[in-house]
Amino acid sequence: MLILAYDHGLEHGPADFRDVPESADPAHVFDAATHPAVTSLAVQKGLAEAYYPSYEDEVNLMAKLNGTSNLWMGEYDSAVNWSVDYAVDVGAEAIGFTLYNGSNHEVEMAEEFRQAQERAREHDIPVVMWAYPRGQGVKNDTKPEVIAYGARQALELGADVVKVKNPGSKTAMEHTVDMAGRTKVIMSGGSKRSDREFLQSVKTAIDAGTVGLAVGRNVFQREQPERILDALEQLIFEEASVEDALAATER
Amino acid sequence: MLILAYDHGLEHGPADFRDVPESADPAHVFDAATHPAVTSLAVQKGLAEAYYPSYEDEVNLMAKLNGTSNLWMGEYDSAVNWSVDYAVDVGAEAIGFTLYNGSNHEVEMAEEFRQAQERAREHDIPVVMWAYPRGQGVKNDTKPEVIAYGARQALELGADVVKVKNPGSKTAMEHTVDMAGRTKVIMSGGSKRSDREFLQSVKTAIDAGTVGLAVGRNVFQREQPERILDALEQLIFEEASVEDALAATER
Amino acid sequence: MLILAYDHGLEHGPADFRDVPESADPAHVFDAATHPAVTSLAVQKGLAEAYYPSYEDEVNLMAKLNGTSNLWMGEYDSAVNWSVDYAVDVGAEAIGFTLYNGSNHEVEMAEEFRQAQERAREHDIPVVMWAYPRGQGVKNDTKPEVIAYGARQALELGADVVKVKNPGSKTAMEHTVDMAGRTKVIMSGGSKRSDREFLQSVKTAIDAGTVGLAVGRNVFQREQPERILDALEQLIFEEASVEDALAATER
Amino acid sequence: MLILAYDHGLEHGPADFRDVPESADPAHVFDAATHPAVTSLAVQKGLAEAYYPSYEDEVNLMAKLNGTSNLWMGEYDSAVNWSVDYAVDVGAEAIGFTLYNGSNHEVEMAEEFRQAQERAREHDIPVVMWAYPRGQGVKNDTKPEVIAYGARQALELGADVVKVKNPGSKTAMEHTVDMAGRTKVIMSGGSKRSDREFLQSVKTAIDAGTVGLAVGRNVFQREQPERILDALEQLIFEEASVEDALAATER
Amino acid sequence: MLILAYDHGLEHGPADFRDVPESADPAHVFDAATHPAVTSLAVQKGLAEAYYPSYEDEVNLMAKLNGTSNLWMGEYDSAVNWSVDYAVDVGAEAIGFTLYNGSNHEVEMAEEFRQAQERAREHDIPVVMWAYPRGQGVKNDTKPEVIAYGARQALELGADVVKVKNPGSKTAMEHTVDMAGRTKVIMSGGSKRSDREFLQSVKTAIDAGTVGLAVGRNVFQREQPERILDALEQLIFEEASVEDALAATER
């Protein structure tokens, strides 16, 4: 599974587009999402309304339901920016939802998740949780046990898939996968790294039992997104080695 | 009555599965719940969705409606993680609901309980309250009078069954049972102890008039859950002595 | 009018039942409520569900809609523990509702009262307000002017009957009755006192123009509740003197 | 336009009735409201329910929708004490609504106003806003510019009539009237003054372009309310001078 | 596109009308809005109700949905003052909505925006967002990157048009336009300046790719609003130079 996530314009702002200016153009990223390796493209409502109609035959749409600008300085929280019903109207075939486990808004966010998840069940579309432990209750959000806890919470609350941060080792990711039970685990791509470093981290995650990746910056902050997508296709769907996948980026 | 409670993955996180790693696998605990001693298995929505369909002929499902991770550092509170209607759709035959009596969120939680309880009445399914005095208003949550107060509140608010912590003596538990009136009392199993200590505490609770136990860690943190369940069956349903029940664990 | 109030298990906890242990048993108090002097019995939802069905021919049920444990240490507030519609389903022929005038939750509680009162109007059942000035805005809740203000607020907000604390003198109660206009006033029985003291306070309230009493501890904390009810029947419904009423307790 | 406002029992409590004790009796004020000068009588729900049925042929009822006791010590706020639909059922032909411009509850109160105003539009009844700048954001609530701002806000939010405090001079009131555009302005009567002072202030307001007065204490705190109403009738509806109006009070 | 915005009576109060007193009269501004250059007139509900019916053939109405007085001293927030359904009833052909990006109320405001935007979609009317970064999280609301972030947030959340502050240079505005993708950008007119200065800033914005202007004070705080509207018509719709547009103001 390879989710191309592109809500950085909301979550991080224009700064994320600085190095590759064309990445600010949603059409550029929708184009990338037509790559056969991309399982679905996760965007906020406005991008879906404005750009998805031109790509509806080639792109599978995931509605990222909540999100907030990083101008926000309050305790971690996220606005629900579209209703599930409207997302389905626009063409969404899955929903994505962030939970800040341990935030002082965890209880409220979990209840918003409940409503979205149960509505998604009525529409028979899958639910992906971005499980991001953060906030007053979380001293170290990269600690393996905290990441594994987030994955477990996704299972307990009814997510079909959970997106987690890289816990740092294959063993730690295996533990996370174990804790998630039948909820499938995908790794968050994180900030941009070299091809080799990035692909190695993905390979490790795949070997640890995750079903793939949710990636944004490591695709659209590259000059040629299709090349890294070729490589990811090798790694995720064809069990290639990192070396073979790297070779694909050079074709 | 013997409720096997398995929401520890949400409430306590992976730490509770450390000693018996297979206990992290919900299938392992659903298997245990097929033991004839188990009246029902209380789980969160995600576990019910993913695992209950394979066990619907052998396991009686209780929907634990609310719960929150212990990453949460705010005043005691609990998110309502599924609607009663959806719980019934999934197959729940009873609901469980935590009230933190004395928390600064008591008023809000009691109102959430009201909605769940009245909806459960419409579906004609029983309601179990986890009455856990905690928070700003509670200096000592193991004080017998505080535990008895929690049981009384369950009666006043309309729970059919109330799960309370062990108040420490037979006399104290008798007082709790008295305060609960027609609401049936079950004891919370608490953290893991030796077979003898645990069974003795259950026996005392039964003798004090409770109708049974809600147990989690004292079952799934044992290598052979079926053996302690054999013993509990003896104690709760067959009026056995602790010695006889212990013998059952050695069969 | 004589309302037997029995929500002490919620509001005060087991402590109120210590001296007369059988008073903890709701059946004991439902029995007392069959006394001809009792206009209605005010209880929380759980007691009504569990015990009222056995008494529906002999007891007139008032649903005490809100209430909170005294473990609560926040600013005065009260959870709404049942919906009016459900109360009517259970058999309630009146509703009771506490307003903490002057609490920082007054605005919210008044709006909850609005909803309950208007729903009660649709069911054509009367509304009794427990007007209890308390909280940040109230320095002295036994001050006659504060009690009279509470009674007036009950009139302004649409209560049919208002239950007030004893303001301390006949003159003060007359003033309270004046302020309440067409809203009928009943006095709260308060904590337990001697027969004479208690009956004298009731007599004074009746002479001041109240229509009766809402009493709890002064009935159920007596060994023989029916005797004090005999006396109250004399005072409230037969215009007896305190001496004659006292004589009734000795029959 | 002359609105007789009588919600002082809620807003100020019994203190406002001290000097003229019969003014505590709503029937006394409903009687006064039958005076031909009175355009409508603004009361809270409880008074409307209990007293209006006896006066429905002689009194035009305005439902004062929100209000709170002055025991409340929080930031200025006001509970919505009846729904518009129920007010119409009871017989209201207009609604009144307080907005505390500048209070930390302004946003919430404005949204409550929106709901009430739009519901009133469906019932085709007019809306009067009590525009009372108060609270954290208001250093001086008698400053002409602040009063004029309140009137403008009433226009912008969709009030048909706005009740403002006396800004202190004819020029200041003219400015307020200008700012209110097509929203009609009425002056609040305020606390009790001598006949001459009070009538002079009304005359000034009329000359400044207001359409009348909302008056409470300056009517019901007088021994003979009908005499001051005679005078007001002269001033407001017959363009009399203050001297002529004063003469009317002596007839 | 040229939106004449006239909600200053709510947002700023009478102070904005001081220099040109007739500007306080909504009829004066509705008259100006009949100028052919004006695409639509954005007002609050009360002005629409009272004045729009006389102009419905000549003015295109935009419902400015939220707004709050500047008496408000809390963290930046804005009350939703009419429902979209009612706005459409009154005749609105578009809605306007303020988001204070970075305010501690951002999450709540974004959720209110969601509801309004989705309802507008059902009525098939466009949505304009006033993207005004302000509040605890915003140290400098005139920083180009902050303004561009606001524009991007409008795109991500589903606004058709976004109104932004002038970021200070053509390059900065081009960046903002880039970030807004298919969401059209209009510049906020801001406080009053000289004809030349104002028109020059508009010309720069047009050259930078915005589709026009939302202007208030720079029109109604002028003695002859029609002259500056003539000039704006030249600049926005006829690609005139600033000199030619200035000449138009002197015709």
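Residue numbering begins at 1 within each chain, and the chains themselves are lettered A, B, C, D and E in the order written.
One rule holds in what follows: a residue touches a chain if its C-beta (ideal position, glycine included) is under 8 Å from a C-beta of that chain, and two chains touch if they have at least 3 such contacts.
Since this is a predicted model, take the numbers as computed values, not measurements.
Asker: Using the contact definition given at the top, which chains are in touch with both chain A and chain D?
Answerer: E
Asker: Same or different: at the chain C/chain D interface, is the fraction of residue numbers used by both copies above or below half?
Answerer: different
Asker: Mind checking the rotation angle between the two copies, chain D and chain E? C-alpha superposition, nearest 5 degrees is fine.
Answerer: 70
Asker: Quick one: report the Å distance separating chain B from chain C, using the average Cα coordinate of each chain.
Answerer: The computed centroid separation for chain B versus chain C comes out at 35 Å.
Asker: What is the distance in Å between the mean C-alpha positions of chain C and chain E?
Answerer: Centres of chain C and chain E (C-alpha means) sit 57 Å apart.
Asker: Could you list the positions in chain A whose residues touch two or more of the other chains?
Answerer: Chain A, residues with two or more chain partners: not present.
Asker: In their shared complex, at which residues does chain A touch chain E?
Answerer: It is residues 7, 9-10, 13-15, 17, 21, 24-26, 44-47, 49-51, 67-69, 71-74, 77-83, 86 of chain A that touch chain E.
Asker: Per the contact definition, I'd like the list of chain A residues that touch chain B in the complex.
Answerer: Interface residues on the chain A side: 101-102, 104, 106-108, 110-111, 114, 117-118, 121, 133, 136-138, 145-146, 148-149, 152-159, 175, 178-179, 181-183.
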